[in-house]
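Okay, here's the structure, questions in a sec.
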Amino acid sequence: MAVITYRQALKDALAEEIERDENVFIMGEEVAEYNGAYKVTEGLWKRFGDKRLVDAPISEAGFIGLGIGASFLGLRPVIEMMFFSFVYVAWDQAVNNASSMRYMSGGLLNCPLVIRGPANAGTNVGATHSHTPENLIASFPGLKVVTPATPADAKGLLKSAIRDDDPVFFMESTLLYGNEGEVPDEDDFTIPLGRAEVKRSGSDITIVAHGGCVISALKAAAKLKKEQNVDAEVVDLRSIRPLDKATILKSVKKTNRVLLVEENKPFCGVDAQLSHIIQREAFDYLDAPVHRISAVDAPAIYSPPVEKVQVPNPGSIINEVREILQIKA
Amino acid sequence: MAVITYRQALKDALAEEIERDENVFIMGEEVAEYNGAYKVTEGLWKRFGDKRLVDAPISEAGFIGLGIGASFLGLRPVIEMMFFSFVYVAWDQAVNNASSMRYMSGGLLNCPLVIRGPANAGTNVGATHSHTPENLIASFPGLKVVTPATPADAKGLLKSAIRDDDPVFFMESTLLYGNEGEVPDEDDFTIPLGRAEVKRSGSDITIVAHGGCVISALKAAAKLKKEQNVDAEVVDLRSIRPLDKATILKSVKKTNRVLLVEENKPFCGVDAQLSHIIQREAFDYLDAPVHRISAVDAPAIYSPPVEKVQVPNPGSIINEVREILQIKA
Amino acid sequence: MSVSTEAPEKQEFNKGKSRALSKEDLFAYAGEPINKAMTPEAKIKCFTDMVRIRKFEQAALQSYQKGKMGGFLHLYIGQEATAVGTVSVMNEHDHLITAYRDHGHGIAVGMNMNECMAELYGKFTGCSKGKGGSMHFFAPEKRYWGGHGIVGGQTPLGLGIAYALKYKGVKGCAVCYLGDGAVNQGVFHESLNLASLWDIPIVYIIENNGYSMGTSQVRSSVFPDAGLASRAEAYKIDWDNVHGENLYEVRAKTGAAIERAHEKSRPTVLEIFTYRYYGHSIADANHQRYRTKEEIRHYQERKDPINVWEQILLEEKHLTEDEIKEIDKKAKEEAKESIRFADESPFPPPSEILTDVYHSVDNPDSHTNEGTIFFNDRLPF
Amino acid sequence: MSVSTEAPEKQEFNKGKSRALSKEDLFAYAGEPINKAMTPEAKIKCFTDMVRIRKFEQAALQSYQKGKMGGFLHLYIGQEATAVGTVSVMNEHDHLITAYRDHGHGIAVGMNMNECMAELYGKFTGCSKGKGGSMHFFAPEKRYWGGHGIVGGQTPLGLGIAYALKYKGVKGCAVCYLGDGAVNQGVFHESLNLASLWDIPIVYIIENNGYSMGTSQVRSSVFPDAGLASRAEAYKIDWDNVHGENLYEVRAKTGAAIERAHEKSRPTVLEIFTYRYYGHSIADANHQRYRTKEEIRHYQERKDPINVWEQILLEEKHLTEDEIKEIDKKAKEEAKESIRFADESPFPPPSEILTDVYHSVDNPDSHTNEGTIFFNDRLPF
């Protein structure tokens, strides 16, 4: 298996889908001539030209709406948000129109659309640019949400998202773009939406995470093993909606203890929903309440060292696991 | 105590605050000359004139942003959303700007702004018009969310919301506007944000609800008493953020069983957060998992009789209580 | 200081210059090739469709008042020549999309009254299975993409449809209708810039009926002396103004815009001056608080699109008084029949709440569905 | 078919007509009353402030490269005459608000370099306590309302500030700056309509520096022959174009707009043609992929606002070469000192994460706080 970056994996997925299906095109700010603000589309404009890579003005509502309309006729727009926070200026188009069109028409149409881009905090870009709205978006029936943590997942899930016939919000992280990992070479590697992955198996506690927090959870688990001989199982959701309840519950029923970790603010985060599902469906298996760690409940602070404290990290994960297992430091 | 409608209670609160503070004004579509799409502001334009009641074009992003800017200078705009669903075209202004301004300025400014209007399903207006985004909005630190269920709460909470120095989203229901109830006559009656109310006390189970579902829960509780001699305690959140955890937990620790009811879609609804809090903080008091009822997880369907089935109602609440208490029908 | 002028129609009325259309007015655009080329059958079809729209909505109104439907009902009556006239010049590759005042466009593209009335009733036999209601008529196979409730929300969607046609190399365009109040939604301006910047074959038609709910046009948007359409100049887009009561003029100017889209792949903005006789929706009972009986009568008596077209067809001897009565009668019967059909049709079963949410769920064979996609702990049915 | 023309400045350069400003150019607006009335001190202050902005940002750039800050750093260098010239004609009741390229405006309104540099460093002594960073400078006591990162997001906020002034009967206005890329955000158009419809005393200043990130202006928005500001006509708003390198012209035309706001309570849109020498932000390293060295040199050599103003002040004998060197030296030292200040200042303590979120939490005495408002199960500090 080739070892490539998360960024490269995304680019490969985009290139392969553009080649596979003439209806696939990429639209967004600076995606073409500039090679992408975060270089995810680097080289694609040169390779595929103006039709398949389209630089758009700063009119997110306009071009997301355009993407939805174009998808009615069978095009498969892949729209890049330079930051996912910017979807807020296009919110009505992105969540209200995209989620309702098929339903209100009684199934006469569908929206095979992908909206992708980085959604993460921790890069000191401040409150308005650091939103992680996977919970908000996944709350809309009609929409799908994917949050890959590794290069392999990034590639396999993006290809599936583009082929999906429903609107898929594909949420990346600028902090993961440079990460390297093995990606299967098979020429049409895809990963179905809705399948979580146990990224590390263990027996003492289940840590559930998605996106960048999966990496922190794995670091924490390694340290926990080394330093307190605690064997944590790390479940990567990969896909928020559809959600792989079975894998989560299976792990919880095995370890009887669970910590949910997310980079988002706590109120009504994805992990609030998971916490409900777990206590509802695995009540008798829980030896302790479901614990959560999330960002400190405030807008993202700019100050670099302080923002580090604001978002979950291996250290805070380890502390919480200790708390759950009542291990003295 | 006078018996007035929920609509009248809102109107009285608005009129009293306009008279009390020259900085209070109402802006929105059809709020002035037309007397309000749902007649909440009926007569106020005649009484207070163009300066205090302002008819706005269909430019929600524009006039909500305007309201935020005006609040910097100490005005207290009360902005009406004809339907709360329309806040989505102004989402970035309403949630990103309103929640971040104070923070990003290090506390140099604040936004004493109220955005109010109906947020409910069940009136056959279709998917795009039936959103109940109290969960989405309350997920933003910096914002406050209030959902009154009775005329007294509507009046007392709206007056507090207008006097509050932070942005408050005040979410009503078109299905409640006509409901009558007693409202204290005291000339400056207010209810502090963040205080839930036990609307019916009972010992067998706790039903937690907010907004219109409180009324359904009370109906269900009455029937449960009559028909199966089940004594349900009904806790009305009234305010989502701040949230009165103490009152909820107190009730749960008394009854040891809880049903959460909301009109919203289930994924990451307010009740997902409550479910987490309850199992986290009252784990050892729970004799059964926390149960939830919410709207059937799809966009709001138009067909009138079918939408009735889609949203929670006394019948579905009773069924769920029976399920929790294992009472055969 | 005030900067507001008003639409010419309105000014005319306000200045007390309410007058019937002269022969010159009636036939001003009759000589246009696109109208010259019109067969008698085509002219009669336009008349018939306008009458059918009116009868359909009058029947719907009665049913609404009998409590047969819920939600909103926005009537198009008074504006019929816009939908019928514009649709009558569209070709096989031209698409349309509009706002919630969408019944007229539906009938104009050939939806039958039964599926439309059943939709209003929320019946399973409705065009949208009763899931969309009055604001959400759809007929994609007739290239009609709805029916949209969020003001201005359809304007970028129409752009996307036109974009797809250009992308696929199809010689067609999208016609996207919006109201005079919808021009105040920012996304419409974003769409105009994109349309011009990228040479997208779209025709935006502002149906200026003078009001957005209870707000007269000039209270909601600054009216440039040359009209709202003239704002298109900010984006170097061609534009024109249209008297909405005259089907010949509607056809001529829409035809020119569509030709521009087909031949040059350039957008156009048209402002069609028209009027709605009923309130904004059924809820808008006291719509005479914001406009006078006289104003309404002015339009009904002098500017009614059906009367105007009737005069023209009588003059041209394509129709007789008797034939007109017959068309009227048939349309009434058709509407009546649609009521019967709607009444007798079943409601969707509750299980239908969870279909048409996801294409992947509705078409399991064409998708790998894994995981949970609906999140109720239990279902009430 | 292409509809794009380009801004005059750009055309001039593209046509190879790169030329130094003539005396006529330099003094074209010197005779305007508002400039005639300018004292030598005022003129020198404008020069000094432009130099201070440039030195501040050059120092900030060095620190950024040393890894002293995180996030973004958008430099204003090349555009100084816009902030300094416009602020120099504002009165005690005039307010301003801009986008994320906000250092210049901050220095121009009198923020001191220390609080600004400390903010870039994320220090507790920063103007926003280190919570906002480069994009979010605020100085409300100087009527400067930030510093806004969402493109176009400040345009309705500025409108609200002006609305409040009018509401309170204060004879002032708001000046709201935006970029040439920001005109493509719909909310700006909603704001323009509201400003005109309601006679709001606001001046919108489009700082057209030719690019939105890597996208040249004409690739992002259709450029009307008369310029972007001329779109204001769609709303019957007065507008004008300004050569951004000439402080006299900036003052004259901004002054006229502010007077219109004060006297007639009418809005204005100004398009100021300017240029940024550095990349969009520090991240935009290879900004020479989308523009040529020659183009950059053209602006630096022929259109540099500081050089132009220097020429003028030398001509007018308000400054000598030595005095200029002295101003330069002082500004450098001031910037150096601000680096020291920022370096030595403390970071905010983690507990600061939870302050300034809610006014009610920060001011318990003036509020009844009940219930839970923060929702972490436990805090990491």
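A few comments on the model shown:
Each chain carries a letter (A, B, C and D) given by its place in the written order, and its residues are counted from 1.
Everything that follows uses one rule, which is that contacts are C-beta pairs under 8 Å (C-beta built on N, C-alpha and C of every residue); 3 or more make two chains touch, one makes a residue touch a chain.
Keep in mind that this is a model prediction, so the values were computed, not measured.
The chain pair with more C-beta contacts between its two chains, of B-D and A-D, is B-D.
When each chain is reduced to the average of its Cα atoms, C sits farthest from subunit D.
Inter-chain spacing, taken between the CA centroids of subunit A and subunit C, is 40 Å. Centroid to centroid, with C-alpha atoms defining each point, subunit B and subunit C lie 36 Å apart.
The set of subunit A residues touching two or more other chains comprises 57, 59, 61-62, 85, 88-89, 92, 96-97, 103-104, 126-128, 141-142, 241, 265-267, 273, 280, 291-292, 297-299, 301-302. Multi-chain contact residues, meaning those touching two or more other chains, occur in subunit C at positions 128, 130-132, 136, 148, 150, 153, 184-187, 190, 193, 197, 219-221, 357, 374-375, 377.
Subunit A meets subunit B in the complex at residues 61, 85, 88-89, 91-92, 95-97, 99-100, 103-104, 126-128, 131, 135-136, 138-142, 241, 265-273, 275-276, 279-281, 283, 286, 288-292, 297-299, 301-302. Across the complex, subunit A meets subunit C through its residues 25, 51, 56-57, 59, 61-75, 92-93, 96-97, 101-110, 112, 141-142, 144, 164-166, 192-196, 239, 241-246, 273, 277, 280.
Subunit C meets subunit D in the complex at residues 1, 3-4, 184-190, 193, 196-197, 199, 219-222, 224, 230-231, 233-236, 264-266. Against subunit A, in their complex, subunit C makes its touches with residues 97, 126-132, 136, 138-140, 145-148, 150, 153, 155-165, 167-168, 174, 186-187, 190-191, 193-194, 197, 355-360, 362-363, 366-375, 377.
Of all residues in subunit A, those touching subunit D in their complex are 29-30, 33-34, 37, 55, 57-59, 61-62, 85-86, 88-89, 123-129, 265-267, 291-294, 296-299, 301-307, 309-310, 316, 319-320, 323.
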